[in-house]
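Scrolling down, you'll hit the structures one after another.
Common to both upcoming complexes is chain A, partnered first by chain B, then by chain C.
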Partner chain A sequence: MDFNALGVCFTTPACVVTQATSGLIVGMLLFLVAAGLTLIFGVLKIVNFAHGTFYMLGGYVAYSAYAATDSYALAVLAGAVAMALFGVLFERVLMSRVYGSNVLMQLLVCYAVVLIFDDIVKSVWGPEFRAMGMPAAFQVPPLFIAGGVVPPFYAVLIGIAALIAMVLSLGLSRTRLGKTVRAAAVNPQMVSALGVNTTVLFAIVFAIGGGLAGLAGALAGPVRSLSPGMGFSILIEGFIVTVIGGMGSIAGAMVAALVIGLVRGFGTIGFPGFTDGLIYIVMIGILVLRPQGLFGRPL
Partner chain B sequence: MNRNPALRDALFAAIVLILVLAIPMLHRSPAFEDFIIRLSAMALFATSLNLLVGNTGMVSFGHGMFYGFAAYAFGLTMQLTELSLPVAALFAVALTTIAAFVVGAMCVRLSTDYFAFITLAVQMLFFSVIVSWQSLTGGDQGLRGGIPRRHILGFDLGSQLHLYQFCAIVAVLGLLALRHVSMSPFGNTLRMVRDNAERASFVGIVLWRARLLAFTIAGGFAGIGGVLAALFVSGAYPELADWPNSGQAIFAVMLGGINSFLGPVLGAMILLALNDLVQRFTEYHGLVLGVVILAFALGLRRGVLDFIHLVWSKRAR
Partner chain C sequence: MSGPVTRRTLLAGGTATLVAAPWVARAQANTLRIGMQSILSGPIALLGTSSRNSLLVEQDRINAAGGFLGRQIEFVFRDSKGQPQEAARVARELVNTAGCELLVDAEASSASFAVQEVMRDLNVACIHTNSETSSLTADPKIRVPTAFRVARQGVHDAVAGSLYLADFANAKKINKWATCSPDYAYGRDTTAQYLQFFKKFKPDVEVVTEAWPKLGQPDFTEVITKLIQAKPQALFTLLYAGDLSAFVNQGNVYALFGQMTVATPNVDYPVLAAIKNLPAGIQSATRYLETFPDTPANKEWGQAYFKRWNERPTNWSWQNSVAMHFYEAAIKKANSLDGKAIAAALTGLKINSPFGADGTITMRDDHTTIGYAIGWGQTIPKDPFITDIKPADWGKIIELETEWKKQQNYS
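And then the complex of A and B:
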C-alpha cells in the first residue's frame, strides 16, 4: 500500500487526468458488458454466465474482420452484429430449454458454452495472446488535458459508450419496444396475455445483450490483448458491476461501472498488486450495507 | 423401511471402506490409488457443498475458499510450527470452521442470487489476498517447501499406499458424519427452510441461525477435504481457492444429483474420470467436457442419481 504515491497523484492534475481516463475506459467497457447482463437478468431473471464468451467472441470476430477489411468501423460492426445473432442462437437453442429450471442448471449450460467456445477460439485463433493494434486512423499524437496524456482512441471509446448508454436509456423509457421490455421485466405472463410475443421479445433481449458484449469486445481490441481466457475475467467484473448497481438497473450499471473503473484507475497507484482485492472489498461492503445494490429494488 | 437408518448407513460405510482398503492388497495400481486420493478430497468438498445447495437451498459460489483456506492453514501450521500432523490438521479444520462462521455471518442474510455473488466476492477477495501476500503464502507460486513430519498413528503419509488408506478412512468417516447431519432433525429443519422459508420461520425456526449453522458445518467439512488436498499436492496453491475450483464442486453436485446424498460423490467421480480420460486424448478437453455437460444438462435435466431415482419411482408405481 502506497498512500504517499496516491496523495501525490491526487495533487497533480496530470496524474489525475491520466488515471481517470484509463479508469474511464475500463469502466465504459465494463458498462457495455454489464448493461447486457443486467438487461437479460431484469427481463428473463436469468444470470447469463456465458456473457464473457460473447465479449471474447466479439473481440476475435472484430480482429479477423479488421485483418480482412482493414476498416476498424466495419470490424466493430461485425463484432456487434455477429454477437447479436449469436445471442439469439444461444437463447433459442440452449437457454430456452432451461427456463424455469434450477439456477444451477442454467449455470451448467452456460459454463458448458464457456468451455466449448474457449477451446474453439483456441483452435481457430491459437492459444497465444493476440494484439489487434491501434487502427491507423487513431495513430495520431495524443491529446494533452491539464498535462495528462489522453490517447484519442480513449476519448472515442468513452464517447461511443456514453452514446450507447444514452440510446439504451432513452430507448427503454421512450420507445414501444423499450416499454414492452420494461413491462416484461415486471410481469412476463401479463405481457404475454396482452398479445406480445414474449418468445420473440426474449430473443430480442438476448440479441441486444449479445450485441453490446460483442461491441465491447470489438472496442477493447485495440487497447487490450485478446486471449481465450479473456471472457472469464470480464464476466466476473461484469457481475460485480451488476450486483453493485442493482441487478436489472441500467443506470446502476453505469454508476457501478464508473466506480469500479475509477477504483481500478487510482488503485494501481495506491495499492499496486491488490486492485482486485480492493474491488471485492467495495462489492462486499456495498452488499452488506445495501443488499439490493445501489439502484436495485428493495428485496 | 429400515428401523435404524444410522446403523444401516454405518454398515454401508464400513463395507465400502473395507472394499476400498482391500483393493491394493489384491492389485497395486498407482493411477487408481491416485484417483481415490483425489476423489476423497473432492467428494468431501462436493458433498459439503451439497449440504448447502441441495439440503438448504443456498447456492454458494465461494465454497472453494474454505477448501483453499484449510490447505493453506494446514500447510503453514506444519511448516511454521512443530505440531504433529493430526494436531495441525485438527487446528486447520477448526480455523476453517471459524472462518466459515465469520463469512457466513456476513452472507447468510442475503437472498439467493445475492448470496451467490457475495460468497463469490469473498472468495475472490481471499484469492487475491493469497496471491498478493507473497511473504507468507508464496504468492501465485503456491506454498512450497512441502509438508514435513507426515506421520500419523503409524501411517507414513509419504508413501502412496498409506496416504491412500488414510484418505479413504478420513473421507468415509467424513461422509458418514455429513450423512448424519443431513438425516438429523437439524437436516430436516434445513430441508424445511429450503422448501418453504416463510412457513419455517412461522413455526419458530430462526432462519439465519439455521442457515449460518449449515454454512459453518459445510465450511468445516470442505476444510477436511482441503487438508487431504494439501497432503496430496504436498503444499497449497492459490488455484485451490480460485473460482474454477468452486465451479468444479458445483458441477460435481449437479452432475451427480442434488437430491441424493451420494450424488456429489458420484459427480466427483464422473468429473475426475472425465478430466483424466479426456486430457489423455486431446488438448481440447474443455470442448469435450462442455459437450458432455450439455448432454447431461439438456438430456437428463438433473443429476445422474436423481435421474435414476426418478425412473425407479416411476417404474415402482
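And then the complex of A and C:
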C-alpha cells in the first residue's frame, strides 16, 4: 500500500484528471456489458453466464467489418446489431427452453454456448490474438487538461457510453416498451395476462442485452487484443458490477461500474499489486452495508 | 457407389477389415508419437501455435529423411491453456494414454515447472522449448535427469540486455526507469534479473515505479496512466504476444512512447505486424529476425516457414525447430529412444544451427542451451523492423551467469 502516493495524486490535478479518465473509460465499457446482464436478470430472473460471449463476438464481428469496410462506425454498428440478432436467436432457440428450470440447467446451457463459440471463434478467426488497430481519425495526440492526459478516443468512447446510458434510462422510463419491460420485471404473469406478448418481449430484452455487450466489444476493438475466451474476464467484472449495483437495476449498474472503474484508476496508485483484491473488498463492504446492492430492491 | 448393401458385401467388408487390422495396427505402432503441449488458445496462443507450426515443418523434414531410427514421427498436440494442473495432467496423458515416446513441452514458465515435476516419474526424454525462467534448469533441485531446455534463458537475456541498455542509458543520460511485466514467475524472476545486472552496470539506476498486470489482462489503461504519473525517463517491459500488442495500442492512445523511452526483449514478427502503429525507437531485442544472424541459412529457414504458413516465425518457432534438431542428433548418437540414453547423448551435445551466434548451439551440462543469437537494436515501423543490431558477447554472458549461479547457490 502506498498512501503517500495516493495522497499526492489526490492533491495533483494532473493525476486526478488522468486517473479519473482512465477509471471512467474502464467503468463505461463495463457498464455496457453489465447493463445487458442486469436487464436480462431484472426481467427474466436469468443469470446469463454466456454474456461474455456476446462481448467477444461483438469484438470479432467489428474486427472483420472494419477490415472489410475500413469504417470504425460501421464496424461498431455491425458488432452491436449482429449481437442483438444473436441475442434473439440465443433466447428463442436455447434460453426459452430452460425458463423455469433450475439454475444448474441454465448454467449448463450457457456454459455450453461459451465453449462452443470459443471454439467457433478459434476456427473462424484463428487461436492467436487479433488487433483491429486505431482508426486514422483517432490517431491524434492526447488532450492535456489541467496537466492530465485525456485521449480523444477515450473521450469519444465515454461520450458514446454515456449517451447509451441516457437513451436506455429514458427508453425504460418514458417509452411504452420501456414501461412494459419494467412491468415485466416486477410481475411477468400480470403483464402476460394483460395481453402483452411476453415471448416477443423476452426476445427484445435479450436483443438489447446482447447488443449492448456486442457494442462494448466493438468499441474496445481498437485498443484491446481480441482472443478466444476473452469474454470470461469481462463477465466476472460484469457480475461484480451487477451485484454491487443491485441485480436488475440499470442505474445501479452505472454507479457500480463507475465505482469499479475509479477504484481501478486510483487503486493502481495507492494499492499497487492489490487492485483486484481491492475491488472485491469494496464489493464485500457494500454488500455488508446493503445486501441488496446499491440500487437493488430489499431482499 | 450405389445400390443396397447386401449381407454378402457386409460380410466381405468385415472380413477385409479383420484381415487388414493387424497391418494397420502395426503401421500405427511403428509410428513414433511425440507429445507436444502448449498454450494453443487465448491471448498468448501465438506461443503455442507458432511452436506447433515449426514442429510440423520439422515433422515433414524428419519423415522425408527417414524418421527417427527408421520410424516415421507424428506429433500429438494438446492445449493446456497454460494452466499448471492441466499441463501436469496432459504430460501424463500424452505418455501413458496417447503412447508418446518423446515430449516437447512448449509451455510458458507458468506450466513448465508443473511438467518438470511430472517428468521425474516418466522415463521419457522431454525438451522444454519455451520456458525462459532460469531456475527451471539452473537450480539443481528443480533440474530433472531426462528434461532439457532448448530456449532462451532469462539470465542470458538479462545479462545481454542489461549490458546493451546500460550503454544506451549512459549515452542518453537516462537513470529513472519504470518496469511493467506480467505477474507470474517469468515476469517477476526475469525482471529481477534484468534489474540486478542493470544496476551492476549502471549503479545510478532508480526504479521509480513497477507495474505487474495479469497475464492476458484485457485493459492496461490503469497501468499506463500509473506509468505516466511516475514520470520515468524509460520503461522496461517483459509483456509479450497479445498483451504486448494491446499495451502498445493502448499506450499509443496516451502518447506513452513520446513521454518515455521503451525497452523490451519480447518483440516478435507477428506482434510487430499486429501493432498497427509501431512506434519507432523502441529499444528491442531480436527474438527472431531473418536478418540476425545475417546468414543465408537463417534467411532460408525464415522464408520456408513463411511459405508454409503465410506468416512469419516467432522466437518460439526457432526454439522448437532447434529442439527437434537436438532430438535428431541425440537419438542418432544414442541409437535409442530410452529417456536416459537420450539424456546422456544430449548432455554436452553441440550442433550446427542457423540460429547460433557462431553457427552452432551447445546443450550444456546443466541441461540448457548456450550460444544462440542474441542482439539488441531499435525498432522502425517497417521491415526489417529492428535495425542497428548489436550482437551480445557470450563470453561476458557466461562469466556473469556463473557469478549469478554462485549467488543463488546453484553451483
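Rule of thumb we're sticking to: the second predicted complex is superposed on the first by the 299 of 299 C-alpha atoms of A that agree within 3 Å, B and C clash if a C-alpha of one lies under 4 Å from a C-alpha of the other, contacts with A are read in each partner's own complex, and residues count from 1 in each chain.
Convention: contacts are C-beta pairs under 8 Å (C-beta built on N, C-alpha and C of every residue); 3 or more make two chains touch, one makes a residue touch a chain.
Just so it is clear, the model here is predicted, and its values are computed rather than measured.
**Student:** Evaluate whether chain B and chain C can sit on chain A together after superposition, giving fit or clash.
**Tutor:** fit
**Student:** Check the residue A:146 against both partner chains and state whether it touches chain B (first), chain C (second), both, or neither.
**Tutor:** A:146: touches no partner chain.
**Student:** Can A:134 be said to touch chain B (first), chain C (second), both, or neither?
**Tutor:** So A:134 only meets chain C here.
**Student:** Counting only touches as set out at the top, which of chain B and chain C does A:124 meet: first, second, both, neither?
**Tutor:** Touch partners of A:124: none, neither chain B nor chain C.
**Student:** One more residue to check, A:9. First (chain B), second (chain C), both or neither?
**Tutor:** Touch partner of A:9: chain C, not chain B.
**Student:** Could you tell me if A:284 is touching chain B, chain C, both of them or neither one (first, second, both, neither)?
**Tutor:** So A:284 only meets chain B here.
**Student:** Of the partners chain B and chain C, which touch A:73 in the superposed model: first, second, both, neither?
**Tutor:** neither
**Student:** In the overlay, answer first, second, both or neither for which of chain B and chain C A:273 touches.
**Tutor:** It touches chain B and chain C both.
**Student:** After the two structures are laid over each other on chain A, how near do the C-alpha atoms of chain B and chain C get, in Å?
**Tutor:** Minimum C-alpha separation, chain B to chain C: 5 Å.
**Student:** Which parts of chain A are touched by chain B and by chain C alike?
**Tutor:** The overlap between the chain B and chain C interfaces on chain A comprises residues 118, 122, 273, 276.
**Student:** So in the complex, the part of chain B that touches chain A is made up of which residues?
**Tutor:** 53, 59, 106, 109-114, 116-118, 120-122, 124-125, 128-129, 132, 243, 247, 250-251, 253-254, 258, 284-287, 289-291, 293-294, 296-298, 301-302
**Student:** State the interface residues of chain A toward chain C in the complex, per the touch definition above.
**Tutor:** Within the complex, chain A touches chain C at residues 9, 14-15, 18-19, 21-23, 25-26, 29, 118, 122, 126-131, 133-134, 138-139, 141-142, 149, 151, 153-154, 220, 222-225, 227-230, 233-234, 264-265, 267-269, 272-273, 275-276.
**Student:** Which part of chain A faces chain B closely enough to touch in the complex?
**Tutor:** 47, 94, 97-98, 101-105, 107-109, 111-116, 118-120, 122-123, 236, 239-240, 243, 247, 273-274, 276-277, 280-281, 283-284, 287-288, 291-292, 299
**Student:** State the interface residues of chain C toward chain A in the complex, per the touch definition above.
**Tutor:** 40-46, 48-49, 183, 209-212, 214, 216-219, 221-226, 228-229, 241-243, 245-246, 249-250, 252-255, 258, 270, 274-277
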